[in-house]
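Okay, handing you the structure first.
As written, the chain order gives the labels A, B, C, D and E, with residue 1 at the start of each chain.
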Amino acid sequence: MEWLAERLAQAPGLENMLYFLAITLPLLSIILGFVTYAILAERKVIGYIQLRYGPNRVGGRFGLLQTVADVLKLLIKEDTRPKLADKPLYILAPIIAFVPSFAILVAIPITETLTFANMGVGLLYVIAVSGLSTIGMVTAGWASNNKYALMGGMRAVAQMISYEVPLIMSAVGVVLFAGSLNLTVIVEQQQFVPYILLQPIGFIVFFIAATAELNRTPFDLPEAESELIAGYHVEYSGFRWAMFMLSEYVYLFAMSALITVLFLGGWNPIIGLGFIPDVVWFALKFSIVVFVFMWIRATLPRLRADQLMEFGWKVLLPVAMFNIFFSAVLKELFF
Amino acid sequence: MSSVPLQAYLIVALILFCIGLFGALTKRNTIIVLICIELMLNAVNLNLVAFSKFGASANITGQVFSLFTITIAAAEVAVGMAILIAFYRNKRTVNIDEMNTLKE
Amino acid sequence: MESLNIYQNSYLFVIVFLFVALMLPIVALSVGRLLRPNQPTEQKMLTYESGMEPFQDARVQFHVRYYLFALLFVIFDVETVFLYPWAVAYEKLGVFALIEMLIFIVMLFLGLVYAWKKKVLKWR
Amino acid sequence: MGLLSLLVFSPIVGFIILFFIPKHDMKMLHKIALAASFIPFLFGLLVFILFKTDEIPADILKWIEFEAGEKSFVIHYELAVDGFSTILIFLTAIIMSIAILAGSFHVKKDIRMFYQLMFLLELGVLGVFASGNLFLFFIFFEITLIPMFLLLSKWGGTDREESAFHYLVYNGIGSLILLVAIAAIFVSAGSTNFDTVMQHFATNENSGLALGIAIALLLAFGIKLPIFPLHSWMVKVHVDAPIPVVIVHAGVLLKIGAYGLITFGIGFFPVAFEKLVLVLAILGLVNLLYGAYLALVQKELRAVLAYSSISHMGIILLGIAALNESGIQGAIFQAVSHGLIAALFFLLVGSLANRTNTTSLKKLSGLARLTPLLAGFLLVAALAGLGLPGMSGFVSEFMVFLGLFEQLPWIGVIGTLGLVLTVVYMLRVVMNMTFGTYRNMFGEIKDLNVYEVVPTLVLIICIIGIGVFPNIIASTIQLTIETLRLGIGG
Amino acid sequence: MDLKTLLSFEWGMMAPEFTILIVAVILSLIDLFGKDSIKKYIPSFAVAGIGLALIFLLFQYGHEEVSILYDTYIFDSFAFSFKFILLIGTLLIFFMVLSKQKDEEITDRGEYVYLLLSALLGTMMMASSGDLITLFVGLELLSLSSYIMVAMRKRNKRANEGAMKYIINGGIATAFTLFGMSYIYGISGTTKLVDISREMSSALGTTEPIATVGFIILFVGLAFKISSVPFHMWTPDVYEGAATPVSAFLSVVSKAAGFVIIIRLFVTIFNTGVEGNETLYSSMIGFVAILAILSMLIGNIIALRQRNMKRLIAYSSIGHAGYILIPIVSLSAMTLENVWFYLLAYSFMTIGAFMVIYILEQSEKSEDISIFTGLFQRSPVLAISMTIFLLSLAGIPGTAGFIGKFNIFVGAISADPAQYILVGVMAVATVISYLYYFNILIQMFIRQPEFEGRRTVNKMQAVPLIACITGTIVLGIFPFIALNFFS
């Protein structure tokens, strides 16, 4: 991967762009693969936790081809669109939802050399762009012209913006210690001590807020099947629906990667285990985060709407504020 | 990829500002008017940042200024929305033409 | 020069990513068009409402609480704009910045308390 | 607090005392008001007598100071009188008492407020004549505006509010032009004291500025006087205002214009006024002839008197235009004499209107049979108005035309035409009214009672007194004339 | 910046600002957590706070010029004297607020009070800031608080509408101000006023067009704040919609703040030129003069047609804005003094007039001019007070308004070149204004009352009235008190 770093150092131009495209397309397939198997893994993990088997028909004992089959099914499924829907927005909504979740990935450094965009304001970029996916949801809800969809969309917005504030604030602690917004620098700073140890409160807040941002249980109200059928994407079918699914899991990928980078030290090995390659370390930490997300989903019940909102504003936000102050004092005193 | 001259930024900002002004003065829907005002303020931000980066004596102050601008723009929108909600509660409309209780 | 190149390349990369992210749904949907059937009927095109005939306009007025939270978000989200530069530059600024930001956070917190006390944070 | 301050603020006494009288006790109000009006009268008399014997000390207090860079502008509170203003102050005091006495016949509603406003008006007028600098002059000048406005709009005739606003707009414009002029003088001279300003403009030759200010002063005081194209408000006031107010207005307020033109206009800017002589003369001529002509065709007695006032003011203008000793002397005489005559006229017209409920010339005729005293006095007033020798009007007109023939003989020749016209309209009006055919239209009406005769007699005595012994005034204004003559260079 | 430099600043100079800030915060806490028995006294606490700030300010009288926080905060005589007006004006308005014990329409009385305080804080920051950023932040603190205060009567449609118009117009004006500021920053590369003026004084060369554009845009934005024509559209609607004390605040304190910022910016930034060179300000003076002329004429002419009292005062305030622009056009040594004196006089007379309207509006439930009919019979006290305020507004001698006008005349004529045209227009405008001011006099003294019963003035209402009358008369008869205080 050394050549990527070299390429980055060269003067920008059309040539570079083609190179970058050449990197992006494999990455896309990796991501798609991840999504495919993350869905499967989630089903399996939840299954095992709940003492079930999960999918085990297609693709052998572990149902390895189950999701592939699902995707194929979605591809050839009829695409219906309600007559009352707002056509342009209806078509645009899944794209709006997907693009930002994928665009986040560009800023996340996987290893020291496997870094796509080494931006000075990487963290800010991630946070800013991730906020855009909300628009996709509310657009979908609005465009469907369906009561459930609209309510799901509104709830999604309310929830995501409510948890975005503590999410951003809890990251301030990390920035404070690292003294930079550059994600690569942040990882390098964690060479010895990952920030999860210095920022336990920040990590917890960030993790909870991330769960809410991802609309995952226990914060999956926007798509609560029993209350809102399926939330904002109730009218979508076929591959359009698949785009929402895709964006959700890509976003999961991105968030897990971000947590890895911010709190778990990214590619940095545990001291003494440096012989294992960086990529593996990253994958390992990343997998743990993803697993925890799944674990939580399998374990916790869904919150009520009022509990959800009030938890965000009355607990997480003050704690996040306190964390900033606490971190600043800590830093002033000991570093 | 040569660097873009300062004038280009200024012209873009000016165009943005004019579009925003035009919208703010002609649009019927109050929310769109508020968005147009945001547009004008963002034109200012563009100006400030451009000057701060490429100006005759470039320094960081412009960016700091733009931070303040962003914040205050947000506060303005927040207040605007709040007033609009109160207005909507009473009159069931957000149309600017309906604001005619006050006459000359 | 190198750092400038990295800087510009990074954003080039962002553009490439955006392009790819845009192309994926477009390509997938276009390909899917060739594969999937398309036989719209009156019933299929009806808005879904748990099997009932849809009634009333779906675009109901949003409850006012949504706006309240939107306002809160706008305010708090933007205030964090000040926190990031401060956090980045904290090492160089010293005690003064600590005190100043402490005041800032206390003010912010007061705002939150205000909203709390005025029962804005209640999801009614 | 000097004598002049006491004089100027003495009407306040009446103003305050009236607050303690019950609103509905009419008789008491009349009495107290009349009594209170003698306080300023006594002070006026004292000033008049003292001025004859020795100079009256000016009241001076440092008041406002502007610091403007290296310049510093100081305004004093200062009251001072010269001959001309002494006479006008005395005139004011007399006419005010008469007007307040007349109030008891003519004012029916809200008497207390009426008298209070009259006292305020008196304060303003006295202040105008007694001020020792332009700033103070302006302040009092503006103060007259408000009571006049309210008096007009509350107690006036049918179109009272319209007339009041007419009055307000014209006089407002005039006063603001005056204010601008004063500000310009102030900036240029650094002070508004009369002597300082006079010396400043005598030594500093800034002809453009001086001419500008002179024109501004002409406009400002021309509205007040009034000069021909700016006169419409004055006719309305004369027709609509209640009798006591008209008495004061025609008797005193119009004289502020003459006072301003002579004291400030000629006093400060003789050179600039020399350039305006022809304009002034033509304006005066127009006033004289146009006023007389219109007076000739009016059907309302009060309108006739209004236009006759305009015509008489033309004589003042002609006197000023003459720009020599006798002209100015004549103008001053005319100011005083017209004040007395106009007051007399309106006093009688008021009594007449009270009895007949009309002032239409068609209806009034042959009054000599019914009310011989009233008719007789009206005749006297008319004779005084047309300038019969032996009365004050003759002296003033004689001196004006004496001056005028010396300077602008052709204007003088045409001007005499105006005098002839005056005789014609005065006699037309009064002769028909008194000796015309008697038609019994008004039933039984009483002749003048003693409260009406006394003020009438006082006025007539003054008129004849000045006519016979013009030296009463001439000696008083001697010094003023001397000063003015120095400026004119004649 | 280390602690040592921090402590080396003379923080005491900011005592008035700190007082207001702390009082506002404490009051908001009381409002949130206090018992109802304490909450009742919130306006009184605010009055005490402003009084304290005023005392602190007066202690600084004659203090030498100080600038702290690297020229961001300037204390000079200019800041001192204008802060004095701002504090006095707000104090009077608080007396107005206090005079009405129960308010059916404004339920959030606590907010009302500390929004007023925060708006005041904004104006004070503007008065003594030496940096574009703090200037702007102060301006917005004022603006945002005002927007909310106008909208405070939540159930009132006119208030909603007024507030909506205010915020839309205000937002556009803010954008203009900022756009102008961004150009100024672009040319000079700094936001400190001192540095900007130094940069501006050197030859501008090719950047002069940008400076001119910046000047005009900036002035347009600020002209909104002082509601000068043609940026006055919001004024009558907002004044009518807002609660009367808020209208008074907008017309006095907010306007004074607008003039403060205009003087700070234009007179300091643009008016420093190389010796013998024409400054940018002097070349743009025609533009300002046209605004002044238009404001004077249009404001006063449209006021003739108004029947709603608050709209009438609104249009008259537009005219007064035009008057105050005259000294700014005719720059001389007297400019500051004239603006200051006129604003002081204006605050007394306008707040007084608003107070009378406020009292009548409560008893008659109307804002029409007919509330004044026969007032002299129904309540001589109110009638005479209103007469004094109206005469002062019209500029009749014996009142503060006259001295203010005379000062402006003298200043404009003594300027170089003398502004005779402006003075003439001002004279004409004043005469026009006589018509509607005296029309109210006629209503009060001549017309028969349309409302029954006598109106009394209670103690709380008497306080602001007496204060305003005293101010108007004393400044009218003894103007040297204020003038000496200024210099």
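Observations on the model:
Definition applied: a contact is a pair of C-beta atoms (placed from the backbone, for glycine too) under 8 Å apart; a residue touches a chain by one contact, two chains touch by 3 or more.
A quick note: this is a predicted structure, and the numbers were derived from the prediction, not measured.
Among the remaining chains, none touches chain A as well as chain D. Annotation of chain B and chain D: jointly contacted by E, touch as defined at the top. Annotation: omitting chain E yields the touching groups A, B, C | D among the remaining chains.
Geometrically, the chain at the heart of the complex, using CA-atom means, is E.
Ranking every chain by how far its Cα centroid lies from the centroid of chain D, the top place goes to A. Remark: among chain pairs B-E and D-E, B-E carries the greater number of C-beta contacts. Chain A and chain C, compared by their mean Cα positions, are separated by 13 Å. Between chain C and chain E the centroid-to-centroid distance comes to 40 Å (mean Cα coordinates, whole Å). Centre-to-centre separation between chain C and chain D, using Cα means, comes to 81 Å.
Averaged C-alpha coordinates give centres for chain A and chain B that are 32 Å from one another. Within chain B, residues 1, 64, 75, 82, 89 each touch two or more of the remaining chains.
Residue positions of chain C touching 2 or more other chains: 8, 70, 77, 95. Residue numbers of chain E whose C-beta contacts span two or more other chains: none are found. Of all residues in chain B, only 10, 13, 17, 20-21, 24-25, 30, 33-34, 37, 40-41, 43-44, 47-48, 50-51, 55-59, 61-62, 64-65, 68-69, 72, 75-76, 79-80, 82-84, 86-87, 89-91, 96, 99, 101-102, 104 touch chain E in the complex they form. Put simply, chain C touches chain B in their complex at residues 8, 64, 67, 70-71, 74-75, 77-79, 81-82, 85. Taken together, the chain E residues at the contact with chain D in this complex read 332-334, 337, 376, 391, 396-398, 402-403, 405-407, 409-411, 413-414, 418, 420, 423-424, 427-428, 430-431, 434-435, 438, 441-442, 445-446, 479-480, 483-484, 487. Remark: chain E residues 1-3, 6, 25, 28-29, 32-33 touch chain C in the complex. Residue ranges of chain E in contact with chain B, taken from their complex: 132-133, 136-137, 140, 143-144, 147-148, 151, 154-158, 160-165, 167-168, 170-172, 174-175, 178-179, 181-183, 185-191, 207, 236-237, 240-241, 302, 305, 311.
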